[in-house]
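The two complexes that follow have subunit A in common; it is paired with subunit B in the first and with subunit C in the second.
Moving on to the complex of A and B:
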């Protein structure tokens, strides 16, 4: 009984992490550091909530969340790739902008500072949308793997992240591919935000709650490989599953149990390198390095 | 047979403050190997980049088989049948051979590499070598990587092959293989254009030679009948003293460096040195020959204090260096010239002066307590640049504004001026032209005359033979034998390196 609860809670906790981490993977394998996942999730979540409330259609809300994610991704990508901004600084800027920007929007659109109105029924074909999205997130793991390792796009994207000079020498548009990677990353992170809204039933400020950063941690843990990253997400999500059980069924104070996911993330990141000693993480060789034609 | 394959006319390329190419003319015929020689900074690389579509020229015309073309990108040049093999290979290290070959020209959106796999193996076969298309490029030798590059350009239909210093990183055997391969290609009606600093190989391997000097094309001559002296004179514009065969027998003095039983691990954690013993005496140049990756780098880094020994001892003038860090070893009189000048040698985004100061932190003529003595530093830097004859010669300029050869001169100048007792030289003349090599050789001689010990690692056998008093051959982390330059040939040495003789 408890085991089943933990499992269900883990899958749902893993969904936004999976989407965001796979998004980050596409961005970073192309060479662009994407610390902006957190902010992209928030913007995507707000857009999904607002459009669902406005049109009454959760499907349009999902589309809006995804498009907003793509747009914010494109913004971060443009800053990093074409304007050669520092990737980390640009990402932090996006995150801070998202945190305060969505609060401002809440105030302007709904006159509240905490959360949007409730969205109403969020079902498709009689099944909660969150279930659909959880399936999408799980399916995204093999899909992203296939995209990276079995398609022309993936080959070129990885070349841009490993050795952009080589990609350029064979006539690949390095900037274009990198931007495509970041935009795809925005799509997935936006979808992660949509999932949060569909779970909560409304938009609440700061609702991403550090998941973008945990997704990044999973990315490092999984050494930028889709399947390993997914395993990382599940491990970190387990913390959330355990949290729910601790809180609801054992009665540990929420102040303590809420630390679980973060504590587990920290613990795993600290201990993992000791377990697999000698083999360091292998980020894409040109990660964070702007490409300038010599 | 001998129609023009490619003609460049009046190619001009200006950069702020410099004219890299000043109305350069060059014509290579179908079926010939055409060499391009010139000093560092003569504009060879710029010309190659223009040819490869990487740098658009400001003026001038390019004709391929008589038809005028203009290249906006590398892809345009490739479409016109020009294949580039760059000095720094443009292969993605973590990709397989096959992935690298198809990159940028994939057969379809998804998979379908098997057809290409067969073509790669088949083409390699007709060119006289074999290659496993599923090997990761990182695990290939430099020579193999180069063949992959050549294969790739040929599979894309290149009729004109352009190679930038193709032999700079090859062993003599590999170079010979390469030129055999190139000869086969031109016999099939292709054209090969290559840059090289090694005049002997240029004369041996090419049909015609175009000489560049100061951004202009000086002349084009037939290789048959020309001598190294002729080429050097055309390149430099004056008589040049070519490095002579064997240096005069100087009297080696007391041991400066003693390495005994040295063992160390490579970056990947596998044994790279398996018990090395050697002694460098004062006033002696001890050469280390070997195929790259046989422990040379680890040996030099261990002595410089950049890599711990797992066993054995390093003794400098009687003092055991166990536990001394790199800074302490510099203070003790060790100066290290690493193989990759920008990786471990110089900070490209700092000025020459600052780079000199970085390498000479304990020189109290340059520092007063924590403060830099700017005037003294400027004078010192001026003197160093003048002695090394760098261009430009302003020590306030950033290192990144210097060409590769001139950066190398800065790095060498710092080592020779440091007052060190032991100089560790790795590939000192890689990428240097004859004029610069003359200076380097001169500096090594004057250092040994002062009683400095020099440990030299070089993959250029000519350099190794000309500079060294003795040569130790290193193979798989062990000293495989010792030879004296006067009593051996490059052939013999090459065989020993490969594991044949001795």
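Moving on to the complex of A and C:
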């Protein structure tokens, strides 16, 4: 009974993390650092809420959230790839822009700075949309793995992240592949934002609440590999689920589960080089390095 | 160069003349000028700040005062706003929220002619009126109602961040529930955030799976997730601060109402009437500043017996027969 409660809580807590972390993975395996996940989620969430309220159709809301995520991803990608901006700074800019930009939009569209109005029923075929999205998130794990390791696109994307000069030498459009990676990243992070809105039933300012950063932690925890990253997300979410349930049985302070993702990530960063004899937790070799055709 | 300087000087003079004229006009026409400095979060929080604004709007229509609202972007700006309105000669400057105290204590002594109103904290300054609400009394009422309504014998509480202010809400809730039903089981969760409705929903669902069928939330926007969970899963939520019954008609059992609007409205009336007393006002049900919400959205959820029982308890709190203290029973620490 309690086990089932914990599992249910875990899967729903893991869904936005999985989507955002797999998104971050596609961007970073192509060589573009993406700490903008948090901001992309917020924009995707706002778009999903606004379009659902406007059209009355949650499906259109989902599409809007995904497209908005892709657009913001493209913005971040363009800045990093073509304008050679520092990836971290561009990402921070996106996050800050999203944090205040969505509040401004709330003010302009709904006249408030707190939350949007409540959305209506959020079901598809009699099942809550959050369940559909949770299935999509779980299915995304093997799909991203397949894309990266079993398709020509994936091979080329990884080449752009590891050794762009070599990729370029064999005629791969490095900038194009990197941009595609960041845009896909935006699609998945936008979908993570959609999930938040479909769960809460409205948009609230700052509602991503650090999930984009936890997803980044999962990305490092899983050393940029889809299955390991997914396990990271599930472990972090399990912490949340256990916390939600155990807090009711025995009072454990919520701060404990809040810090767990970061603590575990630090542990992986510190311990991995020890067990792999000095090899660091190997990010893609060209991560964060702009590619200039020589 | 000289020509530009002349133009600038003339413009500046003209502007200041217009402004002075305006201020003079304002002083003549209105009984008082009231400025409200909101706490971070600003308008649209569906609760605290919106209530303060509603009180100001009522004062503008009913007393004819002139009003302005300041929305600091973060706590560092609070002092700037308080100072600004005091300097501009507003008769009453309202500081909303307990975090404003330290800033108000700095600003108020410099403007002895100005009156200040502090909501949710206590100040010793001579020209400040402070309102301290006995939220535990209202929480006692909704706790009693939750216990009366619960079929499972388990009810819940989801709080935002564990601070003393919110512990008063939990304390009253627990005591009220146990007053009508000593064997009631009460679950509590702290979400750790006021801006995470997703987490609020997760906490509420976890409590619901453990049997809770009425859940009281005091958690800002995080609490919206609790109300959402109630409407989707078919249990009851209890609103807080403002009347939130309308947010999910039929799923919000009642709301614990804290009349921040009354505090702003009454004080504006006092200042417009020429005399506003200062000092600390400790207010609760007896003063009509704390209560529970009954309207068309929740009327069908309550039986006559329940309403009568809550009114009876409310009357007993007013008469002093029931004394609700804000301390938390040990097992909820």
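Annotations for the structure displayed:
Rule of thumb we're sticking to: the second predicted complex is superposed on the first by the 260 of 294 C-alpha atoms of A that agree within 3 Å, B and C clash if a C-alpha of one lies under 4 Å from a C-alpha of the other, contacts with A are read in each partner's own complex, and residues count from 1 in each chain.
Please note the rule applied: a residue touches a chain if its C-beta (ideal position, glycine included) is under 8 Å from a C-beta of that chain, and two chains touch if they have at least 3 such contacts.
Please read all numbers here as calculations on a predicted model, not as lab measurements.
With subunit A as the common reference, the superposed partners subunit B and subunit C fit together side by side. Judged by the number of subunit A residues each one touches, C leads among subunit B and subunit C.
Contacts of A:166 after superposition: subunit B is touched, whereas subunit C is not reached.
With subunit A as vertex, the superposed Cα centres of subunit B and subunit C define an angle of 140 degrees, given in steps of 10. When the two structures are aligned on the shared chain, A:235 is found in touch with neither subunit B nor subunit C. Using the contact criterion defined above for the overlaid structures, shared-chain residue A:128 touches subunit C, although it does not reach subunit B.
After overlaying the two complexes on the shared chain, residue contacts for A:156 are found with subunit B alone; subunit C is out of touch.
Contacts of A:50 after superposition: neither subunit B nor subunit C is touched. With chain A used as the common frame, subunit B approaches subunit C to a shortest CA-CA distance of 39 Å. Contacts from subunit C toward subunit A in the complex involve residues 41-46, 71, 162, 187-193, 195-203, 205-207, 209-210, 221, 224-225, 228, 231-232, 247-248, 333.
By the touch criterion given at the top, residues 150-153, 155-156, 158-159, 162-163, 165-172, 278, 285, 293-294 of subunit A touch subunit B in their complex.
Here subunit A touches subunit C in the complex through residues 5, 8-9, 12-13, 16, 106-107, 110-115, 118, 128, 196, 199-202, 204-207, 209, 240, 244-245, 247-248, 251, 254-255, 258, going by the rule given at the top.
Taken in their complex, subunit B has these residues touching subunit A: 54, 73-75, 78, 84, 86, 88-95, 99-100, 102-106, 108-111, 152, 269.
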